[in-house]
Amino acid sequence: MEKIGFIGLGRMGKPMASNLRKKGYDLVVHDLNESAVAELIELGASKGASIASIAEECSVVITMLPSSVEVEGVALGPGGIFENAKRGTILLDMSTIDPLATERLSIAAQARGLSVVDAPVGRLAQHADRGESLFMVGASEADFVRVEPLLMGMGTTVYHCGGVGAGGRTKLVNNYMVVALCQMNGEALALSQRFGLDLANTLQVLYGTSASNGQLRMNFPNKVLVGDTTPGFTIDLAHKDMSLVLGAAHALKVPMPLAAAVFENYSLARSAEYGKLDFTGIADVICDLAHIERARVPKGWTPPV
Amino acid sequence: MEKIGFIGLGRMGKPMASNLRKKGYDLVVHDLNESAVAELIELGASKGASIASIAEECSVVITMLPSSVEVEGVALGPGGIFENAKRGTILLDMSTIDPLATERLSIAAQARGLSVVDAPVGRLAQHADRGESLFMVGASEADFVRVEPLLMGMGTTVYHCGGVGAGGRTKLVNNYMVVALCQMNGEALALSQRFGLDLANTLQVLYGTSASNGQLRMNFPNKVLVGDTTPGFTIDLAHKDMSLVLGAAHALKVPMPLAAAVFENYSLARSAEYGKLDFTGIADVICDLAHIERARVPKGWTPPV
Amino acid sequence: MEKIGFIGLGRMGKPMASNLRKKGYDLVVHDLNESAVAELIELGASKGASIASIAEECSVVITMLPSSVEVEGVALGPGGIFENAKRGTILLDMSTIDPLATERLSIAAQARGLSVVDAPVGRLAQHADRGESLFMVGASEADFVRVEPLLMGMGTTVYHCGGVGAGGRTKLVNNYMVVALCQMNGEALALSQRFGLDLANTLQVLYGTSASNGQLRMNFPNKVLVGDTTPGFTIDLAHKDMSLVLGAAHALKVPMPLAAAVFENYSLARSAEYGKLDFTGIADVICDLAHIERARVPKGWTPPV
Amino acid sequence: MEKIGFIGLGRMGKPMASNLRKKGYDLVVHDLNESAVAELIELGASKGASIASIAEECSVVITMLPSSVEVEGVALGPGGIFENAKRGTILLDMSTIDPLATERLSIAAQARGLSVVDAPVGRLAQHADRGESLFMVGASEADFVRVEPLLMGMGTTVYHCGGVGAGGRTKLVNNYMVVALCQMNGEALALSQRFGLDLANTLQVLYGTSASNGQLRMNFPNKVLVGDTTPGFTIDLAHKDMSLVLGAAHALKVPMPLAAAVFENYSLARSAEYGKLDFTGIADVICDLAHIERARVPKGWTPPV
């Protein structure tokens, strides 16, 4: 049976690997955190002796790591995946990294008869827990066919966005919008509060017009609007994603003044020590800085259908 | 039978008045444009001899005018509505004006035993044509009961947002979001284009995540994405609304950096002579300025459900 | 002897009027604040019975008032200057107001054989105290000749910027730059502080390159850099001036993204309750919000020549 | 006699090396561009056989390279400076690079008994030609004593800003201001133009108030104001420096909304294909985009003293 390598068992990686294992995949895992590895062993996975040995044994190696540096390290570094993998092996990277790094990986892979698939994740940690992740995939047709069942083992929605790199690029477009929506909603709520409007009335209107948006409708009602800013996705991570977005935009000469304003405000939020909050909490940051009462719905309120 | 005054038969006012007349209301109308007046007379409305006479005859006087200046002129000026109206008359203002102007009107009305209801419109001209407008209403409970049937004669959705002024304030919150969404979507599409992504693929993903929003889903597919930038709502008008939003925000000390960035970009679009385009056309402005190919969906494309 | 009217004896107007009086001008003054009027009477000025009587008696009427509303009130209102002035009278307005208001005044003046000169002030209250103000004057050649001696009685520098309105417009350009410089310097100092640089070293370099600027060189060393944020010119007033600048820019379709960012940050400063501080204090606001140590030079430090 | 290595003979490096050679220094040079090397040989310099041999022979190795990547390459790479230098050798880096790269270099140098001095340049190419450069130096006291004569061989002004890294950090603060001043002046000039003001009059006022600044006074009159936008320092390079500034600001949590707005506008200028122009040309970009007449002084105009 085909073996699958899984490197990176953090807040996202661990539940994803667990879900794969529960679906019966033969997993070889790696993480610096031994307790995360132990949990996977408990579920029947085996522990890789080294990155190199994982690369040798597995036909697909999944990486779910914090940033480009770590992914390039395990893939390109000495003793890394590329040095040790058999021809035809797929590196399936689910991390959110710089599109230029994905390109470097892909070029290096091709030179060795390997291939790269980028499949970053489009929902939150709680979705990963429940096996309900969404993936944006950049892959050749042939590679897509091979990885799709794996991805469906961890999520419910898989989009094939184009060739290698298209997954990561689509994710940046998507995350820009998601992060910007939080800032936009935050400013709107702050204005509504200062206007002295009834929050439930305002929301009812906004849900009924073209102002409606996924963050306001799906995420805000469970998070900042009820005063829960424990992180699903932190302001720090939102800031990191915006950094990738604006880095790409500047490299490619795409002027994005709204994105830049959002990025600065998340930077201010981090300076003011709100970085660990859920990113919907940016609404609270705006209100706090301006001495406006935070936007909270009354107990028992539910969003209109 | 109760008579209803209707002042302002422009792109929005004329179809609204027509719909009211078709529902059987006894209308007395006024506009400087005689041909618009003639159309209403054709439908059975009568022409007011003057603002003063309309005020004398009617128990509700509707205004649908370009800005605060015109509304304050016809209401407060010599020979205006307030000088001539009977006690108990309602000024039902559907224009989008500065909330401070609405406040001034309301104070002046109260002093004369009159009242003001603000009921700005939350959808576009084509909705007005079909009697499908949405209203955000600021009114006392008693006044709301009186105007609701009238509003339902012109639209399908009426929100009672709070006391006098709450309608206009809610509209500003709403329109800020709607205009900002166009800029946000525009930047996202420009980035997607420069990334070389397939537009239909990108849209399919965005419609399926929390990046989704009313403008991208409902307005863009019929307008800029198919190359139709004939105005439903112009960049000039969007700029005007943002001017009211930021004026209020600065007066009330609500910092809105995203809104300010949007406002500047609409100003740039006007400088570059795109002011008469539909406001979804801001996506084209961004692409044009940066020499990026405009975002267009393929023929026959329809948004995923 | 020619009589000069002086309306508005506030923080700027009183010392200016006093300086004029000390130069021997025959002054007739007006202010709602009786103690300011008393101080001028002490110096030999007389108190005007009314705005109307001042207009009748004087060949030049100076106004130094908070905003357009007050200036238009005393000039155009019933019992105001224009109704009562003799042909040939000059309204010499030294307030900082909307250029469109100056235009309205000028048109109304011409219709009555009067004229308007706009001469807003380009230095601070402490300069006014010492008779060292700077004036930017918009006037016809003939009117300029008449008002120049008066202005030189209150200041040391008089620029004839062009016809009526050119003074106020130049002032807006100037004040935009002055206010933006404070924000720019503030961000630079915050960065220097967070970089752990020695502030005196940084300043020495900046004073020696093209980064040098009037605010950093002349104003900062006496104000925020030594911890003195008692107002010469408040953040609130800087915000008001930026409001006029951006109002004009948007009306005339001049995109000013830097100005807009400055305006928003001053708005944030006001929201965070720093509005009454000197406008150089914006440097402290940036540092405070980001938990950065405020930029202060060591005791005894003096700027390099 | 002590030998000095010089790596990087581009637009800045070549005149600097030439000036050093003319002062009699024994130079060993390296560049991929053979014709630049030939020019230095003509002046009596010798050509290094390799980076390694330069490192072996020289007690000070100067680098003047485009970015962090190249500097880290020649210093840390295989066959590079650090592998081959004698203990006590100084790497004198005059490039403008990321402060974090300087830190990495310094740590690696210390481990081998070498040291790093960062001495980026604070004036333009034409100053380098004339031996009039300005240096901002980060160095230990002992190293500063060693490099100061060399720097004075290439320039007229040497600031010792602090320990290693302080030179580069000060340069970023300085360049942020210089680049932001161009944008600020550009917006002011665009506003002045649209206001219909006489440009020479406006400039006379601005030079006489605290709005005055080094760019407007020293650089603009020889460049954009007389229609010369051949590059002293390009918009592309200004954009690159702002990228380092904002990268550092975000890493260190310094909110810089004005800087971000400037960065975006330079990005827009590059998108609109103005990247190769002198950075004072940003004033033209603003005017062009908004269909405003470019700001040009009349023939024969000279700035007031």
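Odds and ends about this structure:
Should a chain be cited, it is by its letter among A, B, C and D, assigned in written order, with residues numbered from 1 in that chain.
As a convention for this text, a residue touches a chain if its C-beta (ideal position, glycine included) is under 8 Å from a C-beta of that chain, and two chains touch if they have at least 3 such contacts.
Not measured: the values here are computed from a predicted model.
At the interface between subunit A and subunit B, over half of the residue numbers involved are used by both copies, so each side presents largely the same positions. On a Cα centroid basis, the chain most remote from subunit B in this structure is D. Centre-to-centre, using mean CA coordinates, subunit A is 38 Å away from subunit D.
For the pair subunit A and subunit B, the distance between mean C-alpha positions equals 38 Å. Our note on geometry: subunit A versus subunit C, Cα centroid distance of 51 Å, whole angstroms. Residue positions 249, 253-257, 260-261, 264-265, 268, 271, 289-290, 292 of subunit A are each in touch with at least two other chains. Across the interface of their complex, subunit C is touched by residues 239, 243, 249-250, 253-257, 260-261, 263-265, 267-268, 270-271 of subunit B. Interface residues of subunit C facing subunit A in the complex, by the touch rule stated above, are 257, 261, 268, 271-273, 289-292.
Contact residues of subunit B toward subunit A in the complex are 99, 122-123, 134, 136, 157, 159-162, 166, 169-170, 172-174, 176-178, 180-181, 183-185, 187-188, 190-192, 194-198, 201-202, 204-206, 208-215, 218-219, 245, 248-249, 252-262, 264-265, 286, 289-290, 292.
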